[in-house]
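Shared chain: chain A. Partners: chain B in the first complex, chain C in the second.
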Partner chain A sequence: MNQFNVWRTVFIVGAALGFGLCVILLTSQEPGVAVHAFFVGPFSNTYFFGNLLASAIPLVLTGVAACVSFSASVFNLGLEGQVYLGSFLGVFLAWRFETFPPIVLYPFVFSIVFCCSGLLAALSGYLKIKRNVNTLISSLLISYIAIYLVDALIETVFIDPNAGMAATPYFSDRFLFAKLLPPSDLHAGLFLALIFTFSLYLVMKKSVFGFEIALTGKNPTFARYTGISVSKILMLSMFLSGGFAGMAGMIDIFGIHGRMIRGFSNGYGWNGIAVALIARNQPLWAIPSALFFAYLENAANVGALLSDITPEIARTIQATIFFTVTAETLFSFVRKKKGGEAWKPSSTASSR
Partner chain B sequence: MDSYSIEMKDIGKVFESNRTVALDHTNLRVAKGSIHALVGENGAGKSTLMKILCGLERKNAGEIFIGGIHKDIKSVKDAYDNGIGMVNQQFRLIEDYTVTENILLGVEKINRWGFINQRESLRRVQALMGTSCLSLPPETIVSELTMGQRQLVEILRILNRSVDILVLDEPTSVLIPQEIQRLFLIIRELKTQGKTIVFISHRLEEVFEICDRITILRNGRDIAEGPISGFDKKQVSFLMIGEYPGALNTKRPAKDHPVLLKVENLSVRDVHGKTEVVRSANLAVRQNEITALVGVSNNGKQELVEALVGLRRVVSGNICLRDRELTGKTVRDFRKAGIAYIPEDRTGVGASISSSILDNIIATKLYEIPYSKRGWINRKIARKNAESLVREYRIKGSAIQASLDTLSGGNVQKVILAREISSDPSVLILCEPTWGLDHRSSDYIYKRLAELAGSGKAVLIVSSYLDEVMFLADRIFVIYKGEIIAELENAATLTKTTIGELMLGLGAPLSYVCPSDRQGETNRELPR
Partner chain C sequence: METFINGIIPMMTPILFAALGGLFTHLSGLLNIGLEGMMLLSAFFSIYAADLTHNLLIGFLAGIGISVLLALLMGVLSLNLRANIFVVGLGVNLFANGFTVMLASLFFDSKGTIFFQNLPRLAYLEIPFIHQIPYLGSVLSGYRLLDYLAIGAVFLCAFILYKTPYGYHLRAVGKDSKAAQNAGISVYRHRMRALVLSGVFSGLGGCALSLPLQTFVGGMTNGRGWIALVAVILGRGNPIGVFYASLIFGSASALANWLQASVSMSPKLLMALPFLITLLFLVVKKNKLEEGVGR
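So, the complex of A and B:
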């Protein structure tokens, strides 16, 4: 990310927070308390702060997942479904193999979840290559199919009749990740998220494969010309993207919930896309970007707890950010297109 | 004077973006009810002149009279109002719409609720087809039509605006022969209805078949005009291309160097996989030589080159580099074997304009040992290589992290050239070597190419600029309608006119002499 981009990002974030401030001032009866609760509240004690970090974990991973596919210019909009499928599979496997010691179960479950969610996303890539189906649409629709199938399973076969809501029974708490900052939700999955993000960063930055992904994303025709198998790269980047999304859901389950709850992941996928947009597809920048999103979410919750503002405030600010970021990305995309055509004296000369 | 339906006087047009004079005091007079040919080389200004007439471009100087009355045409709508319509070379149709919807595009029949009146639309289109004797199934989706039928949709759309003057820009370039004949019937029919037609083409046989009068453009000037009966094909071709000046003569005599890249009976299909655009082509690129491939566009030149670098699937025939069979191999195999390629579309195909100089330079080399090991890039070596190339090729703005879109066109070309030459290829295939380059950069590229050829490599240039070909090449292959119709040695007696005639399919095809069979005989029998 160059300096110009950093300043742009700072401006966007600042504008959104400023907008949030205005909304709070307009709606709150006691603006002083509300502003304080909103902006400082999440950092005021270990419980709030730990929860902030914990809610950033899945966002980092879905953000990274979006980064991979966006880098290759294939748009995986099915993150939500891949998160959901990953979570459910994690719960199911932890249940099915509850006699395993955790040290054996983790790598086993992780790889299966990664592959299954990855394949769900790769299906869209396959349809794109074979049938030229728009990935945007196919990934979204396939994701909805996955969500409703999993919902059906939760509601029928796997429902816990004593839970009082649509949720499966808990799996053995031997498998739950260690808590880092009790009483908050922060768990050891944080390290997993960091390890995943950092390894992806290394792959994107230092490996031939990462180079191929980026080049395919920037100019697929040129990529083909240099000898890259563009369809292979499309499939693989979709697979990785889906895999990371699956991890996001599963780590959240193993860290906090201990069971599958219907609709628990609401928004992880979509927010992941926003995280990637703010991070401009750079995996490492997904971390601060996810922290910021988590901060907004928690600030609203804390604000609602300690003063008279409602959590909807945070949604308003998130929406503002989403709006500014996408508008801005669109703008730079349009400019790039124009710029690309500016230098073509040779071919215009010939076609005359 | 009022017998002229179009009169364009002293038209001038300068393109600011690349400071080229496209039209320089150009005149055009088209008689009412005639079919008028407008011919010239690529870049002679034909399309620009017509775009000005149709309001797609603004003129910098000159006057236009339509039916003897002075007109100022500022937009396409102005042109329609004055009865002028143009069918472009690239069709502008909405492929998912029906024939009717496309014909009535922009002038839809609306009922009083603001919806399109389907019945009225259909009636209008059928009436139009009736009066112009063109018929098409009105409810068919355009994407299901053949190229010829799509063209009819374009023509009908123009006729619907009740125009008197029809400009057809290279109308036959995408058509198959039967469709061309059908088009000619339609053009003649339109003529009997009193329409005036301007026919842009560089296929002379067609011009002579259908046109009444002709205007020849060269370098933005009208250099000849008159009834077609006053010309013959050779004369027109001479006027279009001009004689090649002897001054540039630095030809090296071609010797029988060993063949590096050999192509035998190669056939290639177009993008849709339907028609064969290259038919059993034979080509031999020799060591220590610069070979040129020339041909008018849409004659299979581009497809042949793409097959030579592994980007396009081969239907039949083979490609061999030295003794290695490369047919059916991947792009990477072609590159590994020693073929480097600089495509015509530098910024679309030959480079990633939003990536850095470094990334563009290493993109093709990344898979070899010093640059990467077990899938991990050695950035240090890559950077060193890029830096030394930036220095060697004097690429300005030389930070290797700079993205390519910050460089000038010439420097972008140098980046691509540096990448391709530094991979130490046995054969370098270079399309349009000096497009968009100024004199200095062109000279630099000529020097590099000569050096390459001198050092035991083979160079194949594909150029539409004949002066350049005559200047550089030792051996020239001419492709016409997908077939290699001539192999010429660039000796002192070879003229640009000869090549031009061959390219236009006028010269009698030389009997193809397989290089290895040829012993002592002079292979340059000039067609007469």
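So, the complex of A and C:
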């Protein structure tokens, strides 16, 4: 990230927080308490802070998932469905093989989930290559189909009648990740997320494959002339992207929920896109960016708990980030040359 | 069975309105993801304004107004500030989702279903003569004004798009924006107008969702904006095609409702259907392979 982008990011974050402040001041009956709860609350004790870190874990992973596909200039919009399918598969396998010791089960389940979610995403890449179906649209459609199918399974075959909501029974709690900061939700999946992010960073920045992805993303025609198989890169980047999304859901399930709950992942995929956009497709920057998103979510929750604001404030603030993050000429008065590096103008959205 | 058949048109109306809105942006070369959010915001504001003033017309205007406002915001961000329209659209959906629930809990102290009892009801209209035809009469007549308006809008859109210079220019902008620009057609103006029109129609779609039910629930659009977008693609960017696609999706929703009431089966499988149909359509349809990809 160059200096210009850093300032730009600071502005976007500042604008979002400023907007949040305005909303709180306008809607709260006790603005002082609410503002304090919102801005300081999540850091005030280990419980809130642990929850903040815990909710950043899936966002880091969906964020890097979006980074991979965006770097190759393919739009994986099926993150939401890939997260959901991955989570469900994880739960299902944890039941099927409940006699396995955790140390054997984890690598086994993780690789299956990674592959299945990855293949779900790669299907869009395949359709693009073979039938020239717009990846953006096909991944979205496939994702919705996957979500509804998994929902149908949760609601009928796998439902726990005693749960009082659409959720499956719990799997053996031997498989749950260790808690790091009890009583908060923070779990050992944090390290997994960091390892995954860092390895992806190495792949993207230090390997030939990563270079090929970046080249294809910047200029596919040129990439083709240098002998890179654009189709292969397209498929692989979709596969990796889907795989990471699947991991995001699964780690959340194994860390916190211990069962599949309908709609538990609401927004992980969409927010992952925003995380990647703030991070400007740099995997390591996805970490602070996801922390910021998680902070907004948790700040609103803490504010709702300690004061009278509604947790939905978080979504309106996050929306302002979506509004400003890709605006290329927002700062044209600062610098005439365009600042965005890995982002194509709006025409790509309809053409790719 | 009777309830199923009579349920098709009312289920279709909101989808059709939003899809017609999406049609304009689609033809101008933009993919408007924000239909869902525009509908949702309109659904809330229309019923809120109608409840305050006891006037349905003001409700309609408020719904359309807020939706157009959102469309203008999208236009300024994506056309003037050159933000990615897709990401802005996601923002619109997220914003509408949070904002409506926030306002609902602020004004009504409730996050669940809000029921507006004092709202004037939308009248059901029987078309003279036609509703007396045996069997067909009850299928063709006996809907609300809104439903007839939606079907009328299909023909209006077809007229605008194919018989007026505006429609011709709009389609030119979508086909090849550079050529259109060189021919002296303002791409910016046409895309902005298309966004505003999509705001008007999505606004009507939102009104068609909340006003007849006299209720508002957070997230009540429940994916209809996405389905509308899919209807635009399935309808091949032509109003009549969009109408057929919306009719299919309306029937699927009505069928899902009917099955849910009569058989204990998960309606989720049927809800996946519109997306599956569209995907298959996109796969089967003749696509020009992009140069170099596929080798």
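Keep in mind that, in the parts below, the second predicted complex is superposed on the first by the 326 of 352 C-alpha atoms of A that agree within 3 Å, B and C clash if a C-alpha of one lies under 4 Å from a C-alpha of the other, contacts with A are read in each partner's own complex, and residues count from 1 in each chain.
Just so it is clear, contacts are C-beta pairs under 8 Å (C-beta built on N, C-alpha and C of every residue); 3 or more make two chains touch, one makes a residue touch a chain.
Computed from a predicted structure; not experimentally measured.
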(request) Report for A:215: first if it touches chain B alone, second if chain C alone, otherwise both or neither. (result) first
(request) Check whether A:156 is in contact with chain B, with chain C, with both or with neither, and answer first, second, both or neither. (result) second
(request) Quick one: classify A:224 as touching chain B (first), chain C (second), both or neither. (result) both
(request) Name the contact category of A:117: first (chain B only), second (chain C only), both, or neither. (result) neither
(message) Contacts for A:206 in the overlay, against chain B (first) and chain C (second): which applies, first, second, both or neither?
(response) first
(request) With the two complexes superposed on chain A, say which partner A:315 touches: chain B (first), chain C (second), both, or neither. (result) second
(message) A:132 in the overlay: touching chain B, chain C, both, or neither? Say first, second, both or neither.
(response) second
(message) In the superposed model, which partner reaches more residues of chain A, chain B or chain C?
(response) C
(request) Starting from the residues of chain A touching chain B, keep only those that also touch chain C in the other complex, and list them. (result) 221, 224, 229, 343, 345-350
(message) If we count contacts the way the header does, which residues on chain C are in touch with chain A in the complex?
(response) 29-31, 73, 77-88, 90-92, 94-95, 97-99, 101-102, 105-106, 111, 177, 223, 226, 230, 233, 265-266, 268-269, 271-272, 275-276, 278-279, 282-283, 287-290, 292-295
(message) Which residues of chain A touch chain C once you look at their complex with the stated criterion?
(response) 23, 27, 75, 127-134, 136-138, 140-142, 144-145, 148-149, 151-152, 155-156, 220-221, 224, 229-231, 234, 267, 270, 273-274, 277, 310, 312-316, 318-330, 343, 345-350
(request) Spell out the residues on chain B that touch chain A in their complex, using ranges where they run on. (result) 15, 17-18, 20, 22, 42-48, 311, 330-332, 335, 341, 343-355, 359, 363-364, 366-367, 372, 375-377, 379, 405, 408-409, 412, 432, 435-437, 464
(message) Under the stated contact criterion, what part of chain A meets chain B in this complex?
(response) 206-209, 211, 214-215, 218-219, 221-227, 229, 336, 339-340, 342-352
